[in-house]
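Labels run A, B, C and D following the written order; every chain starts at residue 1.
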């Protein structure tokens, strides 16, 4: 298989490069960087290691431009580009390669909602129309048969995986109050004062609470597609982690729904999923999934209240790892190929 | 003034020592450590600095035992000792010195609730009966006239300061959903695997959610004393901070309560308080109060939902700093004497 | 292949378990823990993931005791046990399995030196006598033909890899002044005050400088075996890293030795080694090798002074990864099997 | 006293603001920011707290421009501005106010050396000529009588304090090999990729080793002024600290110099200095001085080698705190006024 990565200098591009450099089914990596075409990958990213040199022999270990990438005819294109730039940038590949877009451009089919979140119309509405929403454990069937896959955001992935089965089964009601904690890499590799080491270490804060964060819209439309009566309030926080995400949701159970019922629903949906670890009443830690593509889920019932806890590595299951998982599913590979099951110590 | 500190080798004892070593009204510090009496403070705690040597000249810069402390007749005793040991340990001082207890022993007057949280009866019920609850901004009057002050816990301080004025004014209703994030020093200076650097850096998790944490009881009884109809669900988290605490609470406003009304309530209660910084709709960061005795509070109204955010340094306003503030209030000193107003960068 | 891991609850045992759980040539893992035999691995170590469950099916996903391990007749035994306990603990396996000992017990053949470093005689002198020193890039030949391999320490691995080729070629002289920085996991998973998060974050210090650290002896004996005229002063430091090690050495070049000569020596020794990345005058960062089995080496000549810089992940190339590399070499597997080439972002 | 701070939005300016906001002898702070004049300080720097509001009542809690600052006729001007901009920016104040410059502009009197380090001629040679080098413990006499004080860099302060007394007494010889570790705030509040949280946490590296760092020149000229025969090799490192600096130097003792002699020299120079803590053979930790203006020094003799260890808070004793100490000395205030003696836990 030949895989092109668009935008290999950002954090999600760097993780894609790492995962594919050791993926057993990928023979050639086409590393696209418009601004650095011609430069050695290893100079730009000294951590990447020798494996990438072998898989990029076709470009002599160098980054390439789009023209070169198109000529190499990749089987799959993984776009790790900024929101509102990504979908259009992929134009040369639609219809020729499978496109997996890590940006938000193809995630929200309702134009009004897209406009609300991104203050502009969706950039490629005709592509958006047919894109599968690549939340792998929920939309496997759609992913298998789609040539364009919109990779979900990290906050939506972490928040939705515990909530959607319960929404679909109709066992919860009223307001979902979610507090999510994100590692700093979620902000991307952007040189801003707010992302400096000195600003973020020994510091934590909430931001854009309730219904004001862009990802609120993405999360809400998914929940609504299963149960439109549920309300959502979503408050993200920054915590001094390099990588990692933790979501805590509180919601009321419908009358008569038992703790055992919740256990059974999770078992039904997830017990055979390689990357979901069900912990029951034990609470997950972000460290348990650091570097892996897992989502660990724990829950507790107290009276009529249900507390849900889920963790992911925001750069892996929350971005690049899930993109590889989507690639694996779409191409009929082993779902876990090239992805780690264990969390780094 | 002569001040005795009981238990100077734990984190709260160490911070008390630092604050009093530069407090303008404290001339003599009596540094009590049962296990290390006779040892030099500066050897046990190399960070403490030369100021403590001057103020402990009476014991030649050494830690002392209880017998010595009693003989020095301190004006105030600050007890930084473990729960269920502290109140009894202070026996020699009741009636002679003002006692400020940083443990939970004297915080919950209802024996049933105390039993629920600590699995045993309160150790000194007769002292408990007359102890003031030292949440300075709320109970100033009681603190001024009491010789025993129960210094509140860090989670209660951070959670209650934004909630109590609203509870008293009767403008909120139903369930308060609180998610609190604590720095690791909140766990104390105990050699456990769970507190190791390698376990806690690059890691975050929730623990004892809903109504299971000990401090839930302390927080709930305070809220109930103003409005017993309010429910509380409190979920603490560990985040990789050395020091710092962040509380986010979501609650419904009663019908007809405007955002302006909330602003007015906070202004009425707190605008003249030296350590409360009202931020309106801006959200506070823990870094802003690191090392200070401040509590910064921000809030946002969305529809009928109110989101409250508050931050403290868990070792200062959440423990030792508030203890000094209690001392200042009780002895008629300047409320901010010896306490910092700024957060360390 | 069947591999037994002795001591899977410490940090090096945990990393061994992770590496072997995804190693393509290991079919069965025998996870030994004397104190926890019978407990589920996944409960004790929630981060390990589902792959370990498949490879430990023989013990139903549980940890086992030594008797069980002996019965399973492992091809290789990886001992992640404390110094002075490890070599004796491996008694049942000598002569039956290949033993790779991660402790210091079999590293120093000179009894006097061993005694100096560890204050006691070596525990298994007859085994020690025939053990290969498993510094893979230097002793590949010995490793291939030995049934007992003493896996080097992290400080020796990081310090020696840049120094030994130069010592062997006789191009440096006089005093080597080494300053090494270690991540906190180097101290092991021990519940001590000194290893607490609050003690180690925002803190750095040197300890046991010059010729006082145990690993000084291990490093010095290796250097001396190539050039006994060289002196060594080695000062370790603790820095707030979870994982990672950085060594900086300053040494005089012999008269007439050019920078090009140094470049040539490194190229001769290391250009075909999969885990050595030669960076020339660029300086390596610990992040570049985080999670990988690499050692990146940079150097600069200024006048007659040579400055050497090397980085490893102390838990991988400095411990468990090198142990797997030794296993790979010894059993004729691909040297990089089951080991990562890239550093985590 | 009236004190103007030039450049209050950088890290050193922010620390100056904090220190002066609680300094007992400073009544008015004139907070200069060319780009933000007219904005509220508290909005730009929410951590600063209410004390700054009282001391900036003259500008209504707002930042001011240079014209305003000149009109207020400050007694002292503390310039926290970039190298090569600072000295010229202070033009309106020379001869009217005492100027304490935290930049490098006035530190190196030898034009050739300045040119070597900064690639340009010194910007105000006539001011440079008469500026005192504000290393307080060494140049107290010059500081007392000078109206322009060049505040030393953090690396020079930390490296020089242990070395200069030994150089002056002539007890060391040959090469001084210094390895220094710096917290990330040393790089200033600049939005660069290299300073991002994700780049610097869990990462360490050396940079500009030997004789290539700018501060090498500043350190070398000071050492040479006491003993020009000493050589210096200085290798700085970045470690994941917000604040803190650690210097480790190795150097040969001259023949016949005993460990006791070294002890005696340090005692003679520093035992009466409020901010120097002599630790003998105990090794200092950066945490011990975090937030304080201290420099803690430890040392060990092994054979004819001397190992020196010193720690400071790079933003306090390494910048803003030493500037306040210089102000205190120059104006005849208590040397420790407004400066902390203890390290934050």
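Convention: contacts are C-beta pairs under 8 Å (C-beta built on N, C-alpha and C of every residue); 3 or more make two chains touch, one makes a residue touch a chain.
Owing to the predicted nature of the structure, the values given are computational and were not obtained by experimental measurement.
Chemist: Consider the two chain pairs B-C and A-C; indicate the one with the greater count of contacting C-beta pairs.
Modeler: A-C
Chemist: What's the distance between the Cα centroids of chain B and chain C, rounded to whole Å?
Modeler: 45
Chemist: Determine the centre-to-centre distance between chain A and chain B, using the mean Cα coordinates as centres, and give it in whole Å.
Modeler: The computed centroid separation for chain A versus chain B comes out at 40 Å.
Chemist: Averaging over Cα atoms per chain, report the distance between chain A and chain C in Å.
Modeler: 35
Chemist: Could you check chain D for residues that touch two or more other chains and list them?
Modeler: 11, 185, 198-199, 201-202, 240, 242-243, 284-285, 287, 290, 345
Chemist: With chains as vertices and touches as edges, which is it: line, ring, star, complete or other?
Modeler: Shape of the chain contacts: complete, all pairs touching.
Chemist: Spell out the residues on chain B that touch chain A in their complex, using ranges where they run on.
Modeler: 175, 177, 179, 181, 198-199, 202-207, 209-212, 233, 235, 237, 239-244, 246, 248, 250, 283-287, 290, 300, 302, 305, 307, 309, 311, 345
Chemist: Applying the document's contact rule, which stretches of chain D touch chain A when the two form their complex?
Modeler: 11, 184-185, 189, 191-193, 195-202, 240, 242
Chemist: Could you list, by residue number, the parts of chain B that touch chain D in their complex?
Modeler: Touch list, chain B to chain D: 11, 14-15, 18, 21-22, 46-52, 185, 202, 242-243, 274, 277, 279, 282, 284-285, 287-292, 294, 296, 315, 340-345.
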